[in-house]
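Below, subunit A partners subunit B and then partners subunit C, in two separate complexes.
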Partner chain A sequence: MLALLFILFAGLGIGCALAVVAQRNPLYSAISLVGVFISLACLYVMLAAPFIAAVQVIVYAGAIMVLVVFVIMLLNVEQEERERTRLKFLVPAAVLLAAVLIAEVAFILVSVQEFRVTPTSTPSDIGTTYSIGSQLFTRYLLPFEITSILLLMAIVGAMTLARRGGLLPANARVVPGAQQLTLSMVDPAVQPDNLTLVETDTTDEAARLLGIDHRDKDDAE
Partner chain B sequence: MEPQLSWYLALSAILFTIGVTGVIIKRNIIAMFMCIELMLNAVNLTFVAFASFFQDVTGQLFVFIVMTVAAAEAAVGLGIIIAIFRNRETLDVDDASILKL
Partner chain C sequence: MDTAIDIALKFAAITVAFVVVLLIVAYTVLAERRVLGFIQGRLGPNRVGYGGILQPFADLLKFILKEDIIPDKSTRFIYFLAPVVATMAALMTMIVYPFGPEIRIPFTTITIPLVIAHFDVGLLYVLGITSIGVYGIMLAGWSSNNKYSLMGGLRSSAQMISYELALGLSLIGVILLAGTLDLAQIVENQSAWHGMRWNIIFNPLGFLVYLTAAIAETNRVPFDLPEAETELVAGFHTEYSAMKFALFFLAEYINMFTVSMLATTLFLGGWNVPFAEDIFGRGSFLFGIVSAIGFLAKVIFFLFLYIWLRGTLPRFRFDQLMDFGWKILLPLALLSIFITATLIFLLPNYF
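Let's look at the complex of A and B:
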């Protein structure tokens, strides 16, 4: 029974993984990858790791893939992938090397059977939230803290990478109420070191000085 | 018949190989990114299989750390993808060759 379930989920996972590679549209690849994550979560349940399975669905299929799909839809690139013309001569070599690799793996799987691990059928607390948490916050506290620093660096890095670069020069001053803009922003001929300030009271005036017609879109509607 | 440890390891190897193949043959940078996620998941399956068969929770803790690294990689990687697309108007990795000597 468990073997049948393993074959079902493993087949589903491999099929979805092949679809990830085979699809040309990135959005279809993302949906197939969600299928891989779900089938792997089912395998984690079979391996008596229900908490990991839940985290797999929530974090991977829930958060990371939503982020990927969001970026795909944000960029909205409908370009077809170009067919590669070079490296055609490497296809026979790749097939040969893959056959050698598969032969090696099959040899190991068939011949090396002395090392048999019998899964204990007694119920244990391995994989429960309690055992994972107690180990994570006592014995493995240092990796946990390093992980938090890594996440902090990722937050800062993502914000730095994704935002648009400097909108205002370093010597520009923006005060609430009135806008004080350096003359170098208004007139490109002025040197940036010139600290002459142009005072504007309203957004419209600032936009007119900067040569931006920000009201056009609203007026057109 | 119970699923053996070698079954899970074989499945993990297959998934990892599919991920490597995708990274090599894909041109779209987002598709390459998703194939890297596939490779990370194959390694996670190995960790959980060993943790289950050896009755040791350490493997599942490392799955947490791998997931965290994957999340950080997703955030930073997608930021890089958006920056590349903003500068070069393409997602093809062959066009992002400005660092090539």
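Let's look at the complex of A and C:
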């Protein structure tokens, strides 16, 4: 029964992993990757590590891949047919790396056969929520804190990149209908800290005042 | 042999649970239309059967018989996959909720637990499957090859990512109080004080944040931006018709049902009914029945709340939605964690 389930999930995982690299459509690849994560989570459950399985699904399938799919949808990469020939020089490199990988796996398999260790059947609570929590907040506290600071740095970095340019103050918005702009934006002569609001009635007027072209190329035609 | 019987029993339990849930969901749709009718000063559907009692089946028949239109330039495979993912993810969380305590069949010693799967990390499982559910909507929006659908899908994913954070954080308080992620254990912990030691007493802020974020997660009014009909025709399911549309419809109502069950389980004591244990005695048949009915009543209260909100609240604007999620709900969720943790630290004997 367990072997059957293992074959099912492992096969699903390998199939999805192959699909990730084989698909031409980036969205199909992304969905296949979600499939890989979910089958991995199923395997974790079978290995008595339900916490890792749940976190795998929540973090990778539920958050990171949602963002990836989001970006693919926004950019709509499907439209541009990429050239197949451009990356041809990478093929020998890929073959070489694949050979190294297969050699590694073969080595591991052989060494497992050679130096067989009889597994001790002591009950283990590794992988349960309790053991992970207590280890994380005692023995591995420093790496845990450092990781969170690393993530904080990434957030700050993303904010800095996104905010670069600083064209508009926080209270200026281009919303169709009533526009509210600060006086300092409308008239360069006044002090930049003059935040008196100026109202415009249409998006066109607001865009003209801001000096940006808000119209799409389609509309201009 | 025992495994085979076990598996057969589990399948039977899952089937029963799904059928019951789908029936309740079907009648939630009817209730929604009748209650909305009442709120808006009209009757609502009352012709099919006594008081409209057969309306869900008439609707189902209509969905099956309608023409199934598939847009020419859709991405076919994903277009078919999306409603399946949405419904499956909605149904999958059903198996970890404890609908009631162990029930003993009268005159025998056989006990049946009213929960399908006892899962050590049930709460995380629910969160994980819920986060998979967003793919259904996103993929539907993308594969339809329609700008309205795409806008709906994008809005939905942005909204669900944002509100998932507040939702997850609002549950931390309950996890702190219970000290476990096992839903059955969390319910057991709330059965003190004659079945009234509900987590909402210690963590009311977390409850409110959860309730708000859960409405946003299920794309219901006032957070139904992904399908705002005044702006996006019908949002992500614009191009879906017949049974595929019915699957999205179903998924939305099942999601309503599951978040209501989670709210009941985590904050309102699950199947604990005040004084039921003193009257019927623990482990008796009647106790099980009364507890299960109590659970259902609390869930139905939340469903009614959803319908009530839909009848009375206007829709957010999208930037308001984002501001509310990130600048108000998220800090409030953090505050609720802080308050709960402080309580537990100061009064360790009570928790």
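One rule holds in what follows: the second predicted complex is superposed on the first by the 119 of 221 C-alpha atoms of A that agree within 3 Å, B and C clash if a C-alpha of one lies under 4 Å from a C-alpha of the other, contacts with A are read in each partner's own complex, and residues count from 1 in each chain.
Operating definition for what follows: contacts are C-beta pairs under 8 Å (C-beta built on N, C-alpha and C of every residue); 3 or more make two chains touch, one makes a residue touch a chain.
If you're wondering where the values come from, they're calculated on a predicted model, not measured in any experiment.
Asks: Report clash or fit for the pair subunit B and subunit C bound to subunit A in the combined superposed model.
Replies: fit
Asks: Is A:V55 touching anything from subunit B or subunit C once the two structures are fitted on A? First, second, both or neither.
Replies: So A:V55 meets both subunit B and subunit C here.
Asks: Between subunit B (first) and subunit C (second), which, if any, makes contact with A:Y140: first, second, both or neither?
Replies: Touch status of A:Y140: first partner only.
Asks: In the overlay, work out which of subunit B or subunit C sits against more residues of subunit A.
Replies: B
Asks: Which partner does A:S131 contact after superposing on A: first (subunit B), second (subunit C), both, neither?
Replies: A:S131 contacts subunit B only, not subunit C.
Asks: For A:V66, select first, second, both or neither according to whether it touches subunit B, subunit C, the two together, or no partner.
Replies: A:V66 contacts subunit C only, not subunit B.
Asks: Could you tell me if A:V34 is touching subunit B, subunit C, both of them or neither one (first, second, both, neither)?
Replies: second
Asks: Of the partners subunit B and subunit C, which touch A:P92 in the superposed model: first, second, both, neither?
Replies: neither
Asks: With the two complexes overlaid on chain A, what is the closest approach of subunit B to subunit C, counting only CA atoms, in Å?
Replies: Checking C-alpha atoms only, subunit B sits 13 Å from subunit C at its nearest point.
Asks: Quick check on my understanding: which residues of subunit A belong to both its subunit B contact set and its subunit C contact set?
Replies: Dual-contact residues (subunit A): 51, 55, 63, 67, 74.
Asks: Under the touch definition given earlier, write down the residues of subunit A that touch subunit C in their complex.
Replies: Residue list for subunit A touching subunit C: 1, 25, 27-28, 31, 34, 38, 41, 50-51, 53-55, 57-58, 61-63, 66-67, 69-70, 73-74, 128-129, 173.
Asks: Within their complex, state which residues of subunit A touch subunit B.
Replies: Residues of subunit A touching subunit B: 2-3, 6, 10, 13-14, 17-18, 20-21, 26, 29-30, 33, 36-37, 40, 43-44, 46-49, 51-52, 55-56, 59-60, 63-64, 67-68, 71-72, 74-75, 77, 79, 81-82, 84, 105, 109, 116-117, 119-120, 124, 126-127, 131-132, 135-136, 140, 143, 147, 150-151, 153-155, 157-162, 164.
Asks: Within the complex, which stretch of subunit C touches subunit A?
Replies: Touch residues, subunit C against subunit A: 3, 75, 78, 81, 119-121, 124-125, 127-132, 134-135, 138-139, 141-142, 150, 153-154, 157-158, 160-161, 164, 180-181, 319.
Asks: Across the complex, what residues on subunit B touch subunit A?
Replies: Touching subunit A from subunit B are residues 1-8, 10-11, 13-15, 18-19, 21-22, 25-28, 30-31, 33-35, 37-38, 41, 44-45, 48-49, 51-58, 60-61, 63-65, 67-76, 78-83, 85-86, 90-92, 94.
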